[in-house]
Amino acid sequence: MIDRKLLTSIIKRALAEDLNTGDITTMSTVPKDKRINGKFIAKAEGILCGMDIAGAVFAYIDSDVKLECNFEDGNKVAKGDIIATIEGRAISVLTGERLALNLMQRLCGIATKTSEAVKKVAGFNVKILDTRKTTPGLRILEKYAVRTGGGYNHRFTLSDGVLIKDNHIKAAGGIKEAISAAREYVPHTLKIEVEVETLGQVKQALDAGADIIMLDNMSNELMTQAVALIDKKALIEASGNMDEKDLCKVAATGVDFISIGALTNSLNPLDISLKFV
Amino acid sequence: MIDRKLLTSIIKRALAEDLNTGDITTMSTVPKDKRINGKFIAKAEGILCGMDIAGAVFAYIDSDVKLECNFEDGNKVAKGDIIATIEGRAISVLTGERLALNLMQRLCGIATKTSEAVKKVAGFNVKILDTRKTTPGLRILEKYAVRTGGGYNHRFTLSDGVLIKDNHIKAAGGIKEAISAAREYVPHTLKIEVEVETLGQVKQALDAGADIIMLDNMSNELMTQAVALIDKKALIEASGNMDEKDLCKVAATGVDFISIGALTNSLNPLDISLKFV
Amino acid sequence: MIDRKLLTSIIKRALAEDLNTGDITTMSTVPKDKRINGKFIAKAEGILCGMDIAGAVFAYIDSDVKLECNFEDGNKVAKGDIIATIEGRAISVLTGERLALNLMQRLCGIATKTSEAVKKVAGFNVKILDTRKTTPGLRILEKYAVRTGGGYNHRFTLSDGVLIKDNHIKAAGGIKEAISAAREYVPHTLKIEVEVETLGQVKQALDAGADIIMLDNMSNELMTQAVALIDKKALIEASGNMDEKDLCKVAATGVDFISIGALTNSLNPLDISLKFV
Amino acid sequence: MIDRKLLTSIIKRALAEDLNTGDITTMSTVPKDKRINGKFIAKAEGILCGMDIAGAVFAYIDSDVKLECNFEDGNKVAKGDIIATIEGRAISVLTGERLALNLMQRLCGIATKTSEAVKKVAGFNVKILDTRKTTPGLRILEKYAVRTGGGYNHRFTLSDGVLIKDNHIKAAGGIKEAISAAREYVPHTLKIEVEVETLGQVKQALDAGADIIMLDNMSNELMTQAVALIDKKALIEASGNMDEKDLCKVAATGVDFISIGALTNSLNPLDISLKFV
Amino acid sequence: MIDRKLLTSIIKRALAEDLNTGDITTMSTVPKDKRINGKFIAKAEGILCGMDIAGAVFAYIDSDVKLECNFEDGNKVAKGDIIATIEGRAISVLTGERLALNLMQRLCGIATKTSEAVKKVAGFNVKILDTRKTTPGLRILEKYAVRTGGGYNHRFTLSDGVLIKDNHIKAAGGIKEAISAAREYVPHTLKIEVEVETLGQVKQALDAGADIIMLDNMSNELMTQAVALIDKKALIEASGNMDEKDLCKVAATGVDFISIGALTNSLNPLDISLKFV
Amino acid sequence: MIDRKLLTSIIKRALAEDLNTGDITTMSTVPKDKRINGKFIAKAEGILCGMDIAGAVFAYIDSDVKLECNFEDGNKVAKGDIIATIEGRAISVLTGERLALNLMQRLCGIATKTSEAVKKVAGFNVKILDTRKTTPGLRILEKYAVRTGGGYNHRFTLSDGVLIKDNHIKAAGGIKEAISAAREYVPHTLKIEVEVETLGQVKQALDAGADIIMLDNMSNELMTQAVALIDKKALIEASGNMDEKDLCKVAATGVDFISIGALTNSLNPLDISLKFV
């Protein structure tokens, strides 16, 4: 689910960006009361994501537009599938068309890519995570798409998760000092995660009571050793250019999570078109 | 150039999205007055874009952060190049790091892809254009990246260009009627562009006085005939899945513009990292 | 047509300006559920403009207020005509009364003045244009009023039209250089307009391929020569204190457009009152 | 004085309205660092108003622009006077030029018209007042212009003054009931004003303890009688199409205030131009 | 009554503060369509205030939630009373629960405390007033609670009342000068109030024509003398740590108003809980 | 620390609420350039909190105002202590005075009350926590005041902590189901807290792997048993009208945290005044 007020504020901003003082082509050529019927058609195979969001786009413009979906978010669609039909005032539909498609194509692309990553680690007890490498302004939508594709969300913002990196460690004077400073400061509802690069650091993090240890850019061999060393005393996240690695082998090291920036950081949109009848 | 107030409003929104009630890791582990030095390093080859934008991110957070660039937007950078150095309060730099990188990587990716398309049509008198298939909320930045890569911008919004498509034509009762309705309504500072799919439509558009004719999803053969038929009486734009075609051959048909949605609609970010000293 | 979201944002702001913490007179003296009937009456002859806008004011305050119009925007009303009737909660009607009247009177004034200018050039193939000399914050409404009065809109903003003036020419190093710099930069959907003051400049603009030539503060004689020189190779706009000239003689010079800042820059509101039954 | 934050928010909105995605003419033709000198010149005689506001426009765009004024708000300027000089980056000056002029011309027009009304009643102990018939969105600026012209301000909003009109009286069940309901509800820092049309109503208002009595659309004869009847027991405001009456004769009736909607409701801007050197 | 648009903007902001990216507990554990019934129960005796406001909270979230009240604002409720019942989607009710309770408890607390102060001065012709010592951001709600408890409102903002204090007097050069400067500047709809500390100042204020005289931190004896000196020629307000004094004795001095910062400046919330069936 | 942009937005809103169209008393009586010196004086003993926030208020209004503090947040101040001195333009200081005091008094009140609670449990290994019962719109400030007083923060919003209450349990079908639904949904950076009322529920929560168990409204005896049962396998929070209990005895039960709504839900402001020299 996506908070409805946040979604509306994204739509409002994006429509203003696209419309400025108005859609002059449509306003000049389309009669005010003309109605229109259309079909959203998948032009390629993928995981559907964003139907509610597209619905919210049209509802924001004109509560009278009807969008009927033949699939639900998370469903696989095949090339040629009619995803949904739309009916309403032509002006309203044409005004929202580009934004709805821009969002759907992007979110389907993310869901599809996530789904592929999830499939690669099937059989392992590991979760695929996103990161904060999301599109500025669209994070809650993109994190929703990751969930839709079968992935899980890492922290949403800098205030709902603690991730102590190299610079924090240096600034605090060591892993132990950083963890204990964070523990003292942040709400007890939050776990403490530390990013490490060596087994020595893994040990320090364990000793300092880290709840989650992120193994950053380690080889699979090193990760296997780290998993053994940690021995269930902390959750383990593998990170660092994971889209370029064999995810199955990473999963085999025994980590609990694999976080992949490329889920949202690179984009192959799913081609969807809106055809009018 | 990018309007500074628009840029600031994008940065403000994006930082709020990322920070929420604050960066608790940094606030708890980093001493308030600690300073930091860092380097932005290219991890791959590409066209640089977004240095001013990254600068604006840090300036928005803390006017005291210093960003010194070794390259300018539009320069080619090689793997390992130090793009820029940064110095300032650690808290300020760490707070802006993710947003600055998210924007730079994305914009460099767009500039690089555009530059590749431009290179493919070198020697032809044709311009590579973007479309409205941009990321909701980031259009002015992405269109800037297209220009940085050597491309040109199609209309920015629905109010600064007239593009009459199939549905407008149907609603207006024909190409002639649509063009004349638009001509009557829109400011005389705007040209009228019509999207056509057949030579018959090309002829109608010409007869109706279209300023620009968009050839949508035509084969190269058909486009060659259309160019001949139009005979300089209107500008000509080729459009429709152009990223999947041989751009050189499209250019050879004699069109004036090739518009490519994929410049902004799909994304291969340029990998850039910020390393602290 | 006016973009509904933009209209709502103008209404929201204007009501907040008028109400602040609330209409204390009405809140203290009028029972919460009392209903009221009223009539909008023209106190002078003029062109009606703004009925939808007034409707939007009351709808924003209270969706239950009913406004029934006896005339449409663009109609001529005579002194004493009942333009519309209104019915609803007294508190809602009284809260919106001043804003609705302030907007209607202003817009009718603009439409009426425009209509008079249009009548003066009847029979000539010339269009009356507005300018950017509009009231800060109300541009889209005032430009709508110009259209309602039979006029046409010049560019809405600095981003949907190119108008190269004296300073741009100086800065660019000449008319030719300015036009070519603009052509290279702006979307191909926009025409290039140049402001000139002499026949020499007209010629330069023509040679440089200007799409529109604005003859600024020229005598009618000079304009006649300019029209001949241009010879249909560019559109021609007459400009500069046009409200003080004999528009019929200006039209007779053969220009395509006459732009008049005074349409929106000076104001004689149409007197309209709201009488309660 | 004008609240600086309110002024900035008006400027912000108005610039966004004018610029949209940017001033493409200036961005394409003017080199980034070019500087410019200009003079604001009065093209007619009038009362100057808005220099600080124009200054705020340019300061909002670019703190580096220098505006030096040769006159102060409230001064009379003659045709040809150089009101102020400006120096700064050409792009910044050109970006703010239209908005600064639109505001100054409008405010000078209001100050000039107010000043003329004030002069007509010179020698009488009467104050010229504005009304709520101001331009939606610009009220605080226009009320400042009225003060600059020697007039006084009626209430700024519906929450800082009580003005009981016909409908309030009807809804409350009488003048006495309305006044007493308002007195019970509104802060004791506010006076109670009642609008009356007959001597009978004047008496009722007096009996009910009105602090201010507004004589609406009365003849001068009737107003003379009302003034005698009120006999200093309440302040007296003359109102209703006052711009069409002989203000001197109205003043001679002995009223304390004359309120004139037309000060802000109709507009003859003072022509001011910005010439570059 | 509370202006509905202002109320909505407070609710919008407060919900965003509480929700950020969403109520993850509820979103993860409660089925989307599950409905819920609840009762608002008073856990102590007090004056009810805020039912409409709570209703607006839920209506903002979900127009389908039904809140039925058994009491009205201003009613006394006893411990154990069921104030209202609520029915609707569980997600909507749980999302608004905390905010609705936070507001209701606070406003009931203020109304209850006000009511107690009012009771203490029963029989005297004196009104209990609030001050500007309200919670930043919630002033209109808290002033509504004061009215609900039987008190009256002092000015809402710095622009709807004139209160000349010590520093204004010093800056203006004396009480007379300050009053006359204010009289010249502010709308005639506003009374002039002056804060004084001695009988000498009372006399100066009277001579200068103050409409209201605020006796600041005076002993009851001194106030009695001041009341005699003023002799109905101005309204009189007693002020200064009034919550620590015997209000009955203050009232007996003959002042017209007693203003008490502690009505809103300190808070004993009325305990109200929402129990689900 | 408080996020500076969030703080500014609170100040902006609160000043607009207080000023509306401007501080008319100050604008009319105080010369524009007059400067003023003042002292912030403690009128009672307490813990200081909010000096940076007061500084931000004045800096927002006028960057030229100088505030010099003699104490730091968290220091104890005694009655009569000069907390800080202020110097600047009189208009700026007077404009911000009320807001600065309103915020400081409130925050000092919270810090002082928290500090008293902390003292009561000295010697025990327990932390005093706040809740979400904060003032709508001021949460980040109030949570800062709790930290300043020696307390700790519970979750800031509904998105940075999971707290499963009775209704969530019912809706999910049991404690086990609710915990597992939340675990599946929320980021792994968050702990899962469950509210329980019986030992049976404690056991279920433990078995289901709750990270934190909140003992709601339990007697001290029951809490002692719960602590033994839990045996360090989860963190333990005592909750429910804790301000009415003997905190020392609650601490003696062995819980890890005591959360107290009254820290922010009721308010005894610390009296601070600003005296001008």
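By letter and in written order, the chains are A, B, C, D, E and F; residue numbering begins at 1 in each of them.
We take it that a residue touches a chain if its C-beta (ideal position, glycine included) is under 8 Å from a C-beta of that chain, and two chains touch if they have at least 3 such contacts.
If you're wondering where the values come from, they're calculated on a predicted model, not measured in any experiment.
Trainee: If you check the contacts of subunit C and subunit D, which chains show up for both?
Mentor: Intersection of subunit C and subunit D contact lists gives A, B, E, F.
Trainee: Taking each chain's centre as the mean of its C-alpha atoms, give the chain farthest from subunit D.
Mentor: A
Trainee: If you tally contacting C-beta pairs, which comes out ahead, A-D or A-B? Let me know.
Mentor: Result: the pair with more contacts is A-B.
Trainee: Under the over-half criterion for shared residue numbers, do copies subunit D and subunit E use the same patch or different patches to meet?
Mentor: The interface is built from the same residue numbers on each side, given that over half of them are used by both copies.
Trainee: Compute the distance, rounded to whole Å, between the mean C-alpha positions of subunit E and subunit F.
Mentor: 23
Trainee: So the centre of each chain is just the mean of its C-alpha atoms; given that, what is the distance between subunit B and subunit E in Å?
Mentor: 53
Trainee: Just how far, in Å, is the C-alpha centre of subunit D from the one of subunit B?
Mentor: 45
Trainee: Could you say which residues in subunit F touch two or more other chains, in rising order?
Mentor: Correct list: 19-22, 27, 156-157, 159-160, 162-163, 186, 190.
Trainee: What residues on subunit E touch subunit D, complex-wise?
Mentor: Listed in rising order, the residues of subunit E that touch subunit D are 127, 129, 152-157, 159-163, 186-191, 193, 212, 235, 237, 256-257.
Trainee: Under the definition above, what is the set of subunit A residues touching subunit C in their complex?
Mentor: 12, 15-16, 19-22, 27, 32
Trainee: Along subunit F, where are the residues that touch subunit C in the complex?
Mentor: 20-21
Trainee: State the interface residues of subunit F toward subunit E in the complex, per the touch definition above.
Mentor: For subunit F paired with subunit E, touching residues are 10, 13-14, 17-31, 34, 36, 90, 94-95, 98-99, 101-103, 105-106, 109, 132-139, 156-160, 162-172, 177-178, 181-182, 184-186, 190, 265-269, 276.
Trainee: Which bits of subunit A are touching subunit E when the two form their complex?
Mentor: Going by the criterion above, the answer is residues 1-3, 5-6, 140, 156-157, 159-160.
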